[in-house]
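The next part holds the structures, each set out as structure tokens.
Both complexes shown next keep chain A, but they swap its partner, so chain B is in the first and chain C is in the second.
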Partner chain A sequence: MDILNALVLLFNYVIVPSVAYGSQLALGALGVTLVYGTLRFANFAHGELMAFGAMITILCTWWLQSLGVSIAPLPTALLALGPAIAVTVAIVLITDRTIYRFYREKRSAPAIYIIASIGVMFVMNGLIRFIIGPGDRAFGDGQRYIIKARDFRDMTGLSEGLGIKTSQGITVLVTLFLVAALFWFLQKTRTGKSMRAYADNRDLALLSGINPERVVMYSWIITAVLATIAGALYGLDKSFKPFTYLQLLLPLFAAAIVGGIGKPVGAIVGGFVIAFSEVTITYPYKKFLTYLMPEGMQPSGLVQLLSTDYKFAVSFIILVIVLMVRPTGIMKGKTV
Partner chain B sequence: MNLSANARRATLAFMLIAIMLVAVGVIQSWAVMLTIFNLCLISSIMALGVNIQWGYAGLFNVGTMGFAALGGVAAMLVSQEPVIAAWHAGGWKLLLSFVSLVLVIFLVAILYRKIKKGPLRQLAITGALVLGYFLFRAFFDPASEAIEAIDPAVAGYLGGMGLPILLSWIAGGVLAAGAAWIIGRIALGLRSDYLAIATLGISEIIIAFIKNEDWLTRGVKNVTGLKRPVPYEIDLQKTDWFINLVESLNHGTLSEFGVDDRSAMLGQMVIEASSIFVKLCYAGLFIAVLAAILALSVKALDSPWGRMMRAIRDNEVAADAMGKNVTRRHLQVFVLGSAVVGLAGAMLTTLDGQLTPGTYQPLRFTFLIWVMVIVGGSGNNLGAVLGGFLIWLVWIEAEPVGVWLIDNLTAGLGETSPVRLHLMETAQHMRVLVMGLVLLTVMRFHPEGILPEVVKREEGD
Partner chain C sequence: MKKTLLATAIVAAMTTSALAGEEVKVGVILGFTGPIESLTPDMAASAELAFKEASASGQLLGGKTIKPIRKDSTCIDAAVATANAEALITAEGVAAIFGADCSGVTGAIANNVAVPNGVVMISPSATSPGLSTIKDNGFFFRTAPSDARQGQVLASVLQRRGIKDVAVTFTNNDYGKGLANSFANAFKAVGGKVSISAAHEDGKADYSAEVGALAATGSKYLAVFGYLDQGGKGIIQASIDAGAFSDFILADGMIGESLTKHFGKDLNGAIGTVPGGKTEGAQVFATMADKSGIKKDGPYVGESYDAGALLALAMQAAGSANRSGIQTNLMKIANAPGTKIGPGEIAKGLKVLASGGDVDYVGATNVEFNKVGEVLGSFKELEVKNGKFETIKIH
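Up next is the complex of A and B:
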């Protein structure tokens, strides 16, 4: 019984949150990696892009709610994703036309792109604060839990409960669907193949008649779709607070690089590696060990490897180790 | 761009800034103007530090915030009085925990050298690290707990060294330089975009450390009431020579009042003047530091060393082929630039009179400084100073100007219109948007900045 309790505890506080967070990171990191693969720069504005997508989703959700539209038990935000994606894609394409294309034509150094993306970051951050303000925004509705911790306890008779939030369930399902769709697109369609070719070897791809502007456009569109969904899911799961998205930048980069930048599979692996490390290292194991250890040997402290506030340090340390040991990342991405 | 055109442009730009500052003084108040001016000076020094890294050597350091925060910590550690009780409570154990940390690092280094590469080495090193971690925690946890239990409302930390705070400006530079040396050894081998991500991460970790290690910095409880290098307003208001000075300066105005009103009026004037006097003192100190650093920077960039740096920046391979040690030079310039940022960080904390770890935001302490360098002109020292002044002014004044603009633009909507209320509420965030637009515009249409880099040639230009 104690072992079961310990396992349920671990599921409730470590595994379920990590899977949800990992999925959100994976979706975000896929965007970072796609932009890196085709445009060859680390997009510092990606966190803000996710926040922007989430913001539009929230605005659409509010509008739908005010009309009385509801798809309960699912959150209305899922319906709002459609228009939000459309808006974000439009914004991203405008950004590319007005800003990044200029540097592409000049074949600028990566550093110049990054500075430009910092400019975009400022503008988006400003717009977000301007439109929705810097405070916390709740927009989840519908049924909150798939399984409530209490129901689970009553059902199984265990003393620990397992709660799974609707947002977590949706996150995982949506991620599975999106990843499958993305890989189908990259592997099977002509556009997807040309994107991969372009990312692998730009000159060769150009010689074989691939239109670079088209490839770049598709990369941005996919990035915007993924970023909007990732941002909205993250906001639905935690809560929407604009500045947390700026802090997501580091785990996102870490996920993309750890997995092997430029490689979509790597971004997904990296997302889960980072999420699981962050949660497992900052989780206090006191209660878990109390169940497992014999009486009298139970730990007195929190048994927490690192305080929760160091979770950014975790993703960063993994990043540094990977860069030193295997600079191309787990999936052999672009060489450093 | 030749030298004199640049000089003309610099004169014009600084005159413009002077006019803007005077306008702030007249429209808002002279105290506000001096507050902005002091922060302009500090921003300029930070921008000079970033310019040393990016402008001279092309190093993409996005960790300015971390180094500025280290400077702030140095200011606190140097000037605060030590908390003796806390040292008694946990000092020795804390020391032991650090000794154990050093021993573990030694052990790992020895294991790394003595055992041949393979699974055995990995196992041994992992074992040593795990063991070391628990050893460290065994000493560290009770020590930090004991320290944080001492008088938590006002202390709960080890305190500092009780030295004059001016010394901390040097200490801030040294601390930041030390951190930069370690970071540089690890990260400088990376390509520019990875270096950017790495430094961004390190700065976040430094902030997390300062926020959480209460035994050292009191964390988010802040350390307030730091020492000052300049007199206190309260003391000035009681000093005879100061009161006499204010009286003689305002002789004309005062003589219009009757005897009764006169002393009340004078008291009011003395209070106002004391605040301005303190700010002027700070400004004097900051100007001296800025002038010294600017002079050294200009000298360095004009020297053979500066030319070598630019050569490395523009073509690493060629510089390497000419026998320049690129890695060493990168490390050197990284440490130098970070030291300047650390110095500015210590100055900022001194000016604030408190260490507030919660206020370090990347947008304000890293990216804004980058905007200053790019807009001012990367590679040009005077440009960095100009950028520091200009961007800080815009950053601060965008808020009142934004509120004023929206107030006037939406006046037709009626006082209680929700759109108007929302816009008024969020008008302060205009400045972030404005910064982005400024950066993007400069990058696009004038990437060399307001004052472009000057390349002097001996002849045949």
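Up next is the complex of A and C:
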């Protein structure tokens, strides 16, 4: 019984939240890595892109809710994703036409791209706050929980509860589906193959007749789709506040680099590595050990490696260690 | 000629002579510029309302009037504030100082100017717990309760309800830290146990990790000293999602309709405290303020009026506008025993004092000083019932 309790405790506070958070990070990091692979620069505006996608999703959700459209028990936001993706794709293509293409034609150095993307980040950040305001926005509806912690306790008779939110379940399922679709696209379709070829060796790809502007366009479209979905899921699962997406930038980059930048598989692995480390390192194991240890040997302290204040520091430390020990990342991506 | 002028100036500065029809100068030092410049005009007007009332009664020290001299405290610049206070005391020769407003400049003026010069200073709005322990030789008073007070009230509320073991999370700033500390000390003193006191940052999207740490302690109750539209709300959301806590204890920053509207019945049973509590005096003062064009629900206006009234009454009790006389009498006229004096009854108080009686000034905010010259204030104890905050009692 104690072992079961300990396991449920771990699931409730560590595994379920990490899996959901890891999925959100993985989707975001995939976008970062795709842009890096084909356009060769670290896109600092990616966090804001996610916020932008989430914002359009929220606006559409509100509109649908006002019309009385509902797909309960699922959140209406899922329906709103379609139009939101369309708008986000449009904004990304406009940014590329007006800003990045200029530097591409001049064959600018990556550092210049990065500065340009920081500019895009600020403009987009301002735009978002201008449209939806800086405050908290609630847009979740439908059934909030798959299992409520209290119901789980009553059902199983255990003293620990396990709560799973609908948004967590949706996040994991959607991520699985998207990742599968992306890999199918990159491995099996002609466009996907040309993208990979362009990412691996740009000159060789150009020689074999691949149209670079098309590859760039497809990368942006996929990035926008992933960013919108990741942003909306993050907002649905946690809460939507424009500034929090700026804070996501560090774990996102850490995930992409730890996994091996430019490698889609790496982004997914990196996302989960970062999410699990953030949560497992800052979780206090006192209660967990209390269940497992024999009477009298139970810890009196919290058994917490790092205070939760240092959550973001964890991704930073991992980032630094990876850059020092294995700069190409787990999946042998490009050196940064 | 020059000498006589100088002599008169000195005499006026000391304000020791008690000629009828003379003016008593009182310094009003508030942040008329700076971050709280929108609040200070009403605070100054409230204090001056009390001065006017005392002057108009004709009872004050046999018919004297109080002349307020306004100076800027800037709220944030201690150097400017102390220079201005210095000018009030040496150049204007004020009998006492009303102010200052923000805790930082108030401490600077008290330590560097008012106390060394032996001038009473009474602040209507400085709430930092640090000001309780400054070496003021009994010259510093305040009519706004210290932030530490709420921690004590909350601790006694919990003790009365038989709650013994609490996990605390606070917003990572001076307000949160101060409150968490004062609560922990007071709660320990009444036999309670704070299993963890952890900070949370505002403005994050997700607080599940923080809640995990709080829940690991095994405490049943979670005290949230944060903001209802910020991290505090996130902490409660994550607690409910994970099933970690269902019994919450909330401080003033968490009390608001938006919280109960968001969580509804999930918040049932939550206990909270918030400063205030409508007293009779507050209602009387509200109508008075309305008539004088003062924002009646503005922050610290009642406290400002009370501070002004206390100064006038202390002068009367001393029998002269003597600086040390004011100091020795301030505590006496504010506390029991004596005739109770509400807002608008300054004339009555002056009369009682003139005839040798004793007064107990109650005023707009139920003034009662403790040993170090600060009010205890009143707090409302709230409980969430059926998804709504309800007032249980007033402390």
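Note that in this section the second predicted complex is superposed on the first by the 335 of 336 C-alpha atoms of A that agree within 3 Å, B and C clash if a C-alpha of one lies under 4 Å from a C-alpha of the other, contacts with A are read in each partner's own complex, and residues count from 1 in each chain.
Keep this in mind: contacts are C-beta pairs under 8 Å (C-beta built on N, C-alpha and C of every residue); 3 or more make two chains touch, one makes a residue touch a chain.
Fair warning: this is a prediction, and the values are worked out from it, not measured in the lab.
Engineer: Given the superposition on chain A, are chain B and chain C in a clash or a fit?
Structural biologist: After superposition on chain A, chain B vs chain C: clash.
Engineer: Looking at A:135 after the superposition, I want to know if it touches chain B, chain C, both of them or none. Which is it: first, second, both, neither?
Structural biologist: After superposing on A, A:135 lies in contact with chain C but is clear of chain B.
Engineer: In the superposed arrangement, which partner chain does A:114 touch: chain B (first), chain C (second), both, or neither?
Structural biologist: first
Engineer: Who does A:301 touch here: chain B (first), chain C (second), both, or neither?
Structural biologist: A:301 contacts chain B only, not chain C.
Engineer: Considering only touches as defined above, state whether A:206 meets chain B (first), chain C (second), both or neither.
Structural biologist: In the superposition, A:206 contacts neither chain B nor chain C.
Engineer: Report for A:309: first if it touches chain B alone, second if chain C alone, otherwise both or neither.
Structural biologist: The answer is both, since A:309 touches chain B and chain C.
Engineer: On the A-aligned overlay, A:244 touches which partner chain: chain B = first, chain C = second, or both, or neither?
Structural biologist: Touch partner of A:244: chain C, not chain B.
Engineer: Superposing the two structures on chain A, identify the stretch of chain C from 37-45, 55-63 or 73-81 that clashes with chain B.
Structural biologist: Comparing the options 37-45, 55-63 or 73-81, the clashing one for chain C against chain B is 73-81.
Engineer: In the superposed arrangement, what residues of chain A touch both chain B and chain C?
Structural biologist: Overlap of chain B and chain C footprints on chain A: residues 243, 247, 307, 309.
Engineer: Within the complex, which stretch of chain A touches chain B?
Structural biologist: For chain A paired with chain B, touching residues are 41-42, 44, 99, 102, 109-112, 114-116, 118-127, 129-131, 133-134, 243, 246-247, 249-250, 253-254, 257, 301, 305, 307, 309-310, 312-313, 315-316, 319-320, 323-324, 336.
Engineer: Please give the residue numbers of chain C that touch chain A in the complex, ascending.
Structural biologist: Those residues of chain C that touch chain A are 172, 196, 198-201, 203-206, 208-210, 212-213, 215-218, 229, 233-234, 237, 241-244, 246, 262.
Engineer: Enumerate the contact residues on chain B facing chain A in the complex.
Structural biologist: Answer in residue numbers: 58, 60, 133, 141, 186-187, 190-194, 196-198, 200-202, 204-205, 208, 211-212, 361-363, 367, 370-371, 374, 425-426, 429-437, 439-440, 443-444, 447.
Engineer: Spell out the residues on chain A that touch chain C in their complex, using ranges where they run on.
Structural biologist: For this pair, the touching residues of chain A are 12-14, 17, 21, 135-136, 138, 145, 148-150, 152-153, 161-163, 165, 234-235, 237-241, 243-244, 247, 278-279, 282-288, 290, 302, 304, 307-309, 311.
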